[in-house]
Amino acid sequence: MTKIGFIGLGTMGEPMAANLLRKGFEVTVYNRTPSKADALVQLGAVIAPSVAEVARSANFIITMISNDQAIREIYYGDEGLLEALSAGAIIADSSTISPDLARQLAIDAADKSAYFLDAPVTGSKPAAESGTLVFMVGGDSDVLKQVEAPLLAMGRKIIHMGPNGSGATAKLAHNTIVGINTAALIEGLSIASSGGIDAAAFLELVNSGGAASKMAELKAPKLLERDFSVQFSLELMLKDLRLSSHLSDQLGTPAPLLGAAKSLFQAADAKGFGPLDLSALAHCYEEWIGKRLAPGKQTDDK
Amino acid sequence: MTKIGFIGLGTMGEPMAANLLRKGFEVTVYNRTPSKADALVQLGAVIAPSVAEVARSANFIITMISNDQAIREIYYGDEGLLEALSAGAIIADSSTISPDLARQLAIDAADKSAYFLDAPVTGSKPAAESGTLVFMVGGDSDVLKQVEAPLLAMGRKIIHMGPNGSGATAKLAHNTIVGINTAALIEGLSIASSGGIDAAAFLELVNSGGAASKMAELKAPKLLERDFSVQFSLELMLKDLRLSSHLSDQLGTPAPLLGAAKSLFQAADAKGFGPLDLSALAHCYEEWIGKRLAPGKQTDDK
Amino acid sequence: MTKIGFIGLGTMGEPMAANLLRKGFEVTVYNRTPSKADALVQLGAVIAPSVAEVARSANFIITMISNDQAIREIYYGDEGLLEALSAGAIIADSSTISPDLARQLAIDAADKSAYFLDAPVTGSKPAAESGTLVFMVGGDSDVLKQVEAPLLAMGRKIIHMGPNGSGATAKLAHNTIVGINTAALIEGLSIASSGGIDAAAFLELVNSGGAASKMAELKAPKLLERDFSVQFSLELMLKDLRLSSHLSDQLGTPAPLLGAAKSLFQAADAKGFGPLDLSALAHCYEEWIGKRLAPGKQTDDK
Amino acid sequence: MTKIGFIGLGTMGEPMAANLLRKGFEVTVYNRTPSKADALVQLGAVIAPSVAEVARSANFIITMISNDQAIREIYYGDEGLLEALSAGAIIADSSTISPDLARQLAIDAADKSAYFLDAPVTGSKPAAESGTLVFMVGGDSDVLKQVEAPLLAMGRKIIHMGPNGSGATAKLAHNTIVGINTAALIEGLSIASSGGIDAAAFLELVNSGGAASKMAELKAPKLLERDFSVQFSLELMLKDLRLSSHLSDQLGTPAPLLGAAKSLFQAADAKGFGPLDLSALAHCYEEWIGKRLAPGKQTDDK
């Protein structure tokens, strides 16, 4: 029976671990702030006092952390994951990291006779809660087969993208499209709005026509209500665009739209909108066109 | 009873007129190349020998033409539409034209005691055939009500965008998003592909995740099979992006993504891909990354 | 002997007319606001009460006006230039206008048996004052020869660019470079400045090295002193970039840097910096990097 | 008396070392390919068999190498520079490297009680030959004073930019402007050329007007003669733009023009123009406008 370790109980990690527990998996969890595990303990989780303890207690370990630097601390720190890992263990990292780091982690896991999968996800908080994430996985396909059951407890689909690093690469290329589509939606709405078109009518059109997209579907209500609470934060999107820009530089792939979108999110981040939802990019365009893109909720002015 | 005139029987106009006939409307048609009306005559259409004759025989006239210049000839030419128009007639133009021209046509129709609606559509050939277009309409809402029945014979939805020019404005803003989303899809696929990811796996991911869009859904099979037969031609997309760029200049709305996308489609058009589907933008990225984005059909190499 | 008419006595036109007078030419002037001609009258200018009167009194007429629309009024208005023109007269327009309009004016002048040259200039107010403008001329080279003497009274060089429209085309292509070079200077300074480099040291480097440019030479002191008084206004630069963008669309020439620069100046204009010098684009970058690019004069804070 | 060591005798390094020798400095040189030192030996240079030998024989060592990776090998390799360095020695690196690496080298030199200066230059091969380079230096100003004499044997000016890393930062910001100015020149020429303007006339205009720049001065003759022999190679420019893009990402500075220019040079590099002069970017625009920007030398067609 798979004994699962779960490291990183943030916006995404906590509901992912909860789904594992609900499906009957035995899960040991670790988070820097232990109180975040309280709800999981109700569902049967065991709390480990350290990363190393998770590594020693589990044969499949999932990490879900914010960025390359945090991942390095978890994996390479004193009492870190790699040091404490048992031979034969499998680690899957579901964070969005650079392909270079993913390949390095795979090499270093192999040195411990263990296995690494880069396994980032698409889908934000609601998909994590409902267990409908999509996993894109880089690594050995036989290793992947051994952990399909727990992954499908958290998601609705697994796509094997190729060898180690391929999951991370696919995630960055995918999120490049997400970022550009979101900015395109806001840029189109800005043209319509400065041309006197009502935002609700225009967004209905977008969602009915060739301009429809997952981002338009998710962000139209937020733009109309000016509700910039986080589904996916602008600063995390910017982080991904920077990693993707660095990757396309390494690969020698011209990416002019990525470059233009990165500048836009960078400008928005510089103005302090980083912690809000990425749709808060709308603030930059609003400043440019000199008016609000949508009236927002009535309560706005109270 | 509404007597309908239909001018312009191209890729879109012919199936639109056919749907009017199938729903029982009386339709007089005109096309520069009369043979294009043959199938419509089977459905009961009357062929008029001139634009003016259409104007004289109908109280609701629809025009579906390629660009501003062709529209000017139809409306303002000798024996043109405006000259021959009856008082009280309604004209709806479903072409994609500049908002300035739409407003001018409305003024000139009013001078003849007639009414003009700018009524462009979203949806390409298949939607025209199945009668599932979406009309975005600029003009008087009472006038629009009088022609809802024939419009709904050709489409599944009508969105009233505001006064004259609003339909044209909404169309350009909408197609700006379409163009950028398509280019974003191809740019993301290029990064994935030059990073060694299989195109089919990546496009499955896109359509499963946050990067999903109507364009990704329509173009993924075309990109995989390298089938660049026209759904919406690259040169028409470029025409729309130019009109949109001109509009955003007039409105003073910065549109950096539109600018970047316009340059990309312009480069593709300059290389001779204009008459193909807009997804043929892939050729530019393929040249950059030095390999095909997808293997294409086996028959490619025969 | 050439009798010169001069229409448009703004920032550029007034010192240009003064140089003609100082070199001994007979000059009749017209300006919408007649008081602007006071200094010229001291130098011997005759004031005409209307555009038509200038046309009737001169055989070489120079127009120096702000934009296409104002040019149209002067040339085509009631009692306009073209109507009153004598056979054999030569007109040179030194404004920055679209090549299409330049070609149209040439055709309409020819209809009156007169000649038109599009003759825009490079060089701003100081060059107009010192008579060191450079004229780039589109039109017949024999016609140009007849007016070389008065043009060289105002400038140091005449470059014949080709047939009518070529002067206007060259001006837009030239100013595209001016706009991009200026924005590049500010973008480079922003990177240096957010990296902790002193602005004075960096601008000294720029002017000593491969990054040197006429714009860097002119704008470095302004950036250091935060003196955004007008040499060439940001809104006029934006007007030129829009005309150039429209021209490159007509020609089918991809111009990605022009597109990116246009968006930047548009954003700066939207924030109200249009009437300042084009170097006021610095304000946008300052907002992005969250600090001043240079300390400015001590008197700033008084 | 300063004993100088010089490592890296490429296009730039060889003439720089020659100038030191001509001014009477004692110079020990090292290059991976020793034959490159032949001419220097004639001028009195001593050849060292290894990097370490240079380090042991000199109290001021200059490195002039192509990129971060090569620098790492020279400084950190077995028998590398840092290992063999004497206490009190000064190293100046004149390569273009990332500011992060410059700061790291300074820290690691300090550990050996030695001093590091990041001292990149502006000016290409001709300036290296004539001893008219400009040094931009990051590091301690007292240390800099000790090596001013040899630096001024190779250059005409030294600008102290700030603490370690500042020289590297200034160089990247400077070269960002160089790259954009060059691309702007070619983009403007493309618009002029597709508008029918003669390239020689247009480039004369550019060099006479507000669009003038050091790059226009250097590249106009090359563009006219289609002589793309290397002054500064396109692939080195691309390397610098990538480093600058990475730097601006770290600093959080939006740099939309840098992004657009990087994509252009990347596309040109992907087509195989990397080893040519950076003005070979012209080939991309020529393909877009479907004709040559300039006729080139007559011998082209032979």
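Side notes on the structure shown:
Going by the order they are written in, the chains are A, B, C and D; count residues from 1 in each one.
Quick note on the criterion: contacts are C-beta pairs under 8 Å (C-beta built on N, C-alpha and C of every residue); 3 or more make two chains touch, one makes a residue touch a chain.
None of the values given here were measured: they were computed from a predicted structure.
Chain centres here are means of the Cα atoms, and by that rule the chain farthest away from chain D is B. C-beta contact counts were set side by side for A-D and C-D; C-D has more. Remark: chain A and chain D have CA centroids separated by 40 Å (rounded to whole angstrom). Mean C-alpha position of chain A lies 51 Å from that of chain C. Centre to centre, using the average C-alpha position, chain C and chain D are separated by 36 Å.
Within chain A, contacts with two or more other chains are made by residues 252-256, 259-260, 263-264, 266-267, 270, 288-289.
The touch graph of these protein chains is complete, with an edge between every pair of chains. On chain B, the positions that touch chain C within their shared complex are 242, 245-246, 249, 252-256, 259-260, 262-264, 266-267, 269-270. Across the complex, chain D meets chain B through its residues 256, 260, 266-267, 270-271, 287-290. Of all the residues in chain D, the ones that touch chain C in their complex are 99, 122-124, 134, 136, 157, 159-163, 165-166, 169-170, 172-178, 180-181, 183-185, 187-192, 194-198, 201-202, 204-206, 208-216, 218, 232, 244, 247-248, 251-261, 263-264, 285, 288-289.
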